[in-house]
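One chain, chain A, links the two complexes that follow: it is found with chain B in the first and with chain C in the second.
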Partner chain A sequence: MKRRPLLIGLAAAPLVAFARPESLSTRKARVEEVGASVLMTLELPTLIKARDTDALKSIDSSFDTTLRYSLRVWEHGTRELITSRVVVVKIRRDPWKKRYVVSTRAEGKWTKRFFETRDAAVAAATTLRRQKVAAVGQLERTEDGPYYFVEVLALRNPLAETDAAGGTARGRGGDRDLEWFSRIVDVLAGERARAEKVVHVRTNPFYLLP
Partner chain B sequence: MPTVASAAPPGAEPATRGDVQTPPPVAAAEESDDGSARVITVQAVEIRGHQHVSERQIRTALTREGLRVGSEIVWPTDARVQRVRQRLRATGFFKVVTVGLEPVPEREDAALLVVEVEERSTVSIDRLYLGSSALTPFRGGISILERNFAGRGVLLGGSFIWGSIPRVERGRRQQAYNVFAEAPQVADSNIGVLGGAFVISAGEPYRVTGAYDDPRPRHFRTFDYTRTGGLFGVTFPVLPQLRLGTDYRFERIDALLPAAPAYLDADGTATPVDLDVLDGTHRLTVATVALAYDGRRNSVLTGKGAQIGVDVQLSSPALGSQYEYMKLVAVGAYTLRLPWRHWLTPRAQAGQIVGDAPRFEQFYAGDLSAWTPGREQSLRFSTRNPIDVFGTGIDTREFGTAFGRFDLEYVWPVFRRTRTRGVYGGDLFVSAGVFTLVEDAPGRAARREAGERVAPTGFNADLGLRLDTALGTVKLTIGNVLRRSPL
Partner chain C sequence: MAEQQDGMRMGTSFWGRLEVRVIAALALLGTLCVGASAYLVNLAVDYFDARVGDTLVRAQAVAGQVEPFHHALVESQISAYGARTRALALEFALRDGSPQTWLDAAFARESDVVQLRIELPDGRTLARDRESEYPHESFEWFDVAHTVQGADGKTAGTVQAVFRIDPAIDARYQALGSEKRDLGAEQASRDDVERAVERVMAIASGLVLLLSLLAGFAVARATTRKATELSRAMRRVASGDLSVRSRAKGTDELGQLSLAFNDMLDELQGAQERVAYLQRIGAWQEMARRIAHEIKNPLTPILLAVQQLRDKDPGNDARFSAMLRTSTEIVEDEVQALRRMVTSFSQFAKVPEVRTEPVALGRVLDEFERAYGHLTDEDEDDVLTVRRAEPDPQIRGDRQLLKQVLVNLVENAVLSAREAGRSPVNVQVHAEVSPTAVVVYVDDNGPGIPNGRRLAVFEPYETTREQGTGLGLAIVKKIVLDHDGEVWADASPLGGARFAIRLPRLGDD
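Moving on to the complex of A and B:
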């Protein structure tokens, strides 16, 4: 490899690494064309892992655990956003009826499914099964592309933007030198986490058969 | 199946054609919510799993959201429940927080509100002292902070640092031990109290030969002193983001000064050195008033936040001290979020000492420089001065009675998690700035006479990764490496 392309590649690496959405890790999805809709089936089991005690206890608490899926269809290689949708899934245990309930809101409608076991309910909640991601009319259908993929941003219990800090003052101790004083403005800036768990992936590219 | 075009991206697959008649597996119930909501009355509140965190603290979080016995909850979607979880998680005391309902026999409209927590350790490493210098081959220590002692929200901390025998004639080992406690809130009042005690055994280096920018230990001797003391104080929240604190520090100093400390220059001329510490056993007492405004708590929401701190210290015979001076340090920072969600923080600090402060209370060049070892637990383990980037002579300065510093920090938040163990978040940061240090009046006169700058300018820059972990903040920076290396 010649030196110049290598240097350009190295210089661009940080930009490429954080460019979105092409740089997201790919998750295999099944895409179907059903009537006028393009449907996607995608499993995201990492959103609620089997050993995530916090998540599982949250489900068993009887209150809703909310999963919010943002689905954005992009044309591959062009950064053109075709369409976007939001699907909200709520999972909980009904302590009175002793069963698990998975409610899904898509296209403005709620649907409910009931499960005897938590594992089955979690599997249902973390799987987008034949979920509409676009209308067929929104995508082109030619011999050589274009190609599309779906960017999926899944949030478990999105955090409300409240000031829940409630923290205490920093211990001052007996050491009042300048070094200590400078540390009181030692900023750990950054973003507040958006949710208790975030999974951000893209699907494999797909295209419509002519 | 059609041929996929040659320019197809890897892994591209055609959308399979399904049966047009196949209905989506989703039924079409028309409901504004999922249709399950109903009002439940809280018959009792039960808190489980807490060990060190007091039940009172958890109940306070519930009460702030109006969740108490007799209150009504909209099950299963009451927003207050999620807020309580967030509030409790934000304390950092818990690994798991679950807020749930348990049915009451024979009642459909009432339930037990159960808060189940799993505590995490509230002990964190505040600082890790580890390094080497030409003067002290090894120094190590740790500062540990317990943020919720006895489940009462009391901060309890302790630290020590220990250095090996310095490479100077008759040098003694330096070490320091410090314990402190702070109760930010006493009972139900808004007044906090703090107290602490410390022992510092120092072998302070002072120059006897060589050029002022030559850090080799053979140009130094040390004088010994031991400080033993404590402090107590109170804090008041003037406003939610503004705290006023006042404390009184008292210490006994046992100093053993050399008979006639002097600096011998290249011409063989001896100049007396003022060590700025009284000889023998004596007292130092300091009254401090500190005002701290921290408006960054909401910066994540508002995209900006200021922080201001003013610290005034007074030592006087009227307060029982054998020193007389006043020390003022002020700092201001403003954090703002850029449109691309990175953060920029300009920060300014300045300080002035009036009177005769002991050497260990004066401003030290190493504390101002990102690349030079500063004092740790008030001890100086290195004879290295700041690097003179601008050629202004900052590498010839050690102590001063006034300083100014300005830094600009750019932070790139790389990731943020709500994990309750391990690493919560990480930021890449780069900072740059300038600083200056001005000596006392005799020092300034000598500099003027020698045609040197009274206020030389130094340069600061740093680059690294800052990790927010369960054990505390970890900085992997170039400055950190330079400060800890025996350069």
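Moving on to the complex of A and C:
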């Protein structure tokens, strides 16, 4: 057996056991069908807590605080991934105009909202308000239609993905080993090694009214 | 059962077994090596973790020190924008020409102003802009307004300037912020990463240890199994069983030892059988010598007495004379038969000691053919064929005794075939040569020897011929054994018996 598949197998073994998205904790979300889109409203206030002084200080220092939401729509109980999309939100204080700016990028476009207070800006950044998660045509609408849910992986300030060799000298034999070693370590180190803060939840099941 | 007895005799405990000790030693060594490696790796990880941690803290501190400079830069830039707007307003109040002329000139001069607007006292508004050049979607704007009074104390107008903020200022600061966040995240996840590295090392070390143990187990088991097999065979030999053989195979030292041990047992068993046979023959020779001596002595007086009786017959009674003549002839015939038997016994008892010398086998065969070719003269159709080996091999032997061997074997073949009614009798003598030995075959077309009697025919006084004494083949075997050779009986391709004699071959040099 080759070394690489063996390493992948060893590294993936613990993941396979817990890979079912149904096993994630549930957050209540409001799902609406508007036109040809399925919109979701979900609050994740734990992403930036009010007592998280470091996070709040970072916002006030005018650095962008990036929130990366990965939204994956699953058919309940089948492990069938229907669709997925990524929403990126940035929040910071504008030192020029002394206000807070929340920038959102969804489907390739940036939109900005301005807030006078930090709390309002944080609340807006940690809430996916009427966010499109799927097109209606991607979901079934029958009398006994399937249930769906949205898996939400929210990362606060995700680490920039670098190669295992620290961005240098990729491709040599030793570095390939180091790359695989790094991947295994990343898997075992868990989500804390991927971002400042990770919230991984799923929504309550929903279905389209026939 | 024998295995159990062997095991009981060994009396070794579980920990006393070589296999267990070797495996335990390998396990201990493997554990020590892997444990030492893991400990050193852990030390290295801790060392570099501390170094990296210090670097991260210092880097974060550096990044933190840059923050106030940025805010100061922004504030100074805001002040500058305000000052420039106030300067533009004063310049507007002190202008010579029309407001539009001044606006055009000022706007052309201020390249980072996106929009310049003048609100005149009469309510009119004049404006110039570069919005298409610096769109709001791509650039941050900062607007400042300033109202200025004229010399008459009345409002001369309001100048509003919208500045394009240099995007490099924010870009550099955000890049710094990104690096600082990554540093913070790296710092926060250090413990998790360190634990993960330790877990990976533990898993890898465990796998290495497991593989080394399995490999060690396989090697130790293969090795100790051979040693155990050899030990078993040696114990059986020590108890007197020379028929046992070691089943340990392989090309390693233990496999070679096993082969050598089996060869030694083959030699030992052959020597034991040879010695036993020679002892048996020696006993028979001693008995034959005594019998020959005891019988031979009275034969001559008996023969003389019978001759006297026949000579002293007065011849008065013809019937008596005839009866006497018949009786004396019978006695003389029986005495002659006893003499022949005594002669055979004497020959058997007096087989001379072998005196070997280097001799060519072809010479022995030639002399035999010249001297004893008459064996087939009684019937002209009988055939005796003698074929030499090419090239003619050298052996160490006693020519006279070897010829005696051939004579006995050929005589036995001819007589057996004749008794069985074979005609013509066909006897072939030929030799084959191997690198280490010479084999002489004597084949006949007689009745052959049943498989179960092929060993017994060499025992003294074992014969199936009516006229046989059972001593010829015993003499053959004794002479061959005295030459460090061996003889055996087999089936002949001619349909009768085959006798084969293997003798050691001398080197060509």
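Basically, the second predicted complex is superposed on the first by the 160 of 210 C-alpha atoms of A that agree within 3 Å, B and C clash if a C-alpha of one lies under 4 Å from a C-alpha of the other, contacts with A are read in each partner's own complex, and residues count from 1 in each chain.
Convention: a contact is a pair of C-beta atoms (placed from the backbone, for glycine too) under 8 Å apart; a residue touches a chain by one contact, two chains touch by 3 or more.
Since the structure is predicted, the reported quantities are computational estimates derived from the model, not experimental observations.
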| message | Tell me the contact category for A:K57 with respect to chain B and chain C: first, second, both or neither. | response | first
| request: Using the touch definition from the top, say if A:L47 reaches chain B (first), chain C (second), both or neither. | output: neither
| message | Per the contact definition in the header, classify A:L155: touching chain B only (first), chain C only (second), both, or neither. | response | neither
| message | Contacts for A:P95 in the overlay, against chain B (first) and chain C (second): which applies, first, second, both or neither? | response | both
| request: Using the touch definition from the top, say if A:H76 reaches chain B (first), chain C (second), both or neither. | output: first
| query | By residue count, is chain A touched more by chain B or by chain C? | reply | B
| message | I'd like to know which partner A:K132 touches here: chain B for first, chain C for second, both or neither. | response | first
| task | Considering only touches as defined above, state whether A:V201 meets chain B (first), chain C (second), both or neither. | result | neither
| request: Overlap the chain B and chain C contact sets on chain A and report the shared residues. | output: 54, 58, 61-64, 95-96, 157, 159-160, 181, 184-190, 192-193, 195-196
| note | In their shared complex, chain B is touched by residues of chain A numbered 26, 28, 30-35, 37-39, 53-54, 57-58, 60-64, 76-77, 90, 92, 94-96, 101, 103-106, 109-112, 129-130, 132, 143-145, 147, 157, 159-179, 181-182, 184-198, 204-210
| request: In the complex, go through chain A and note every residue touching chain C. | output: 10, 54, 58, 61-64, 95-97, 157, 159-160, 181, 184-190, 192-193, 195-196
| message | Help me check something: in the complex, which residues belonging to chain C touch chain A? | response | 67, 70-71, 74-75, 78, 140, 142, 165, 173-174, 176-178, 180-182, 184-186, 188-189, 192-193, 195-197, 199-200, 203
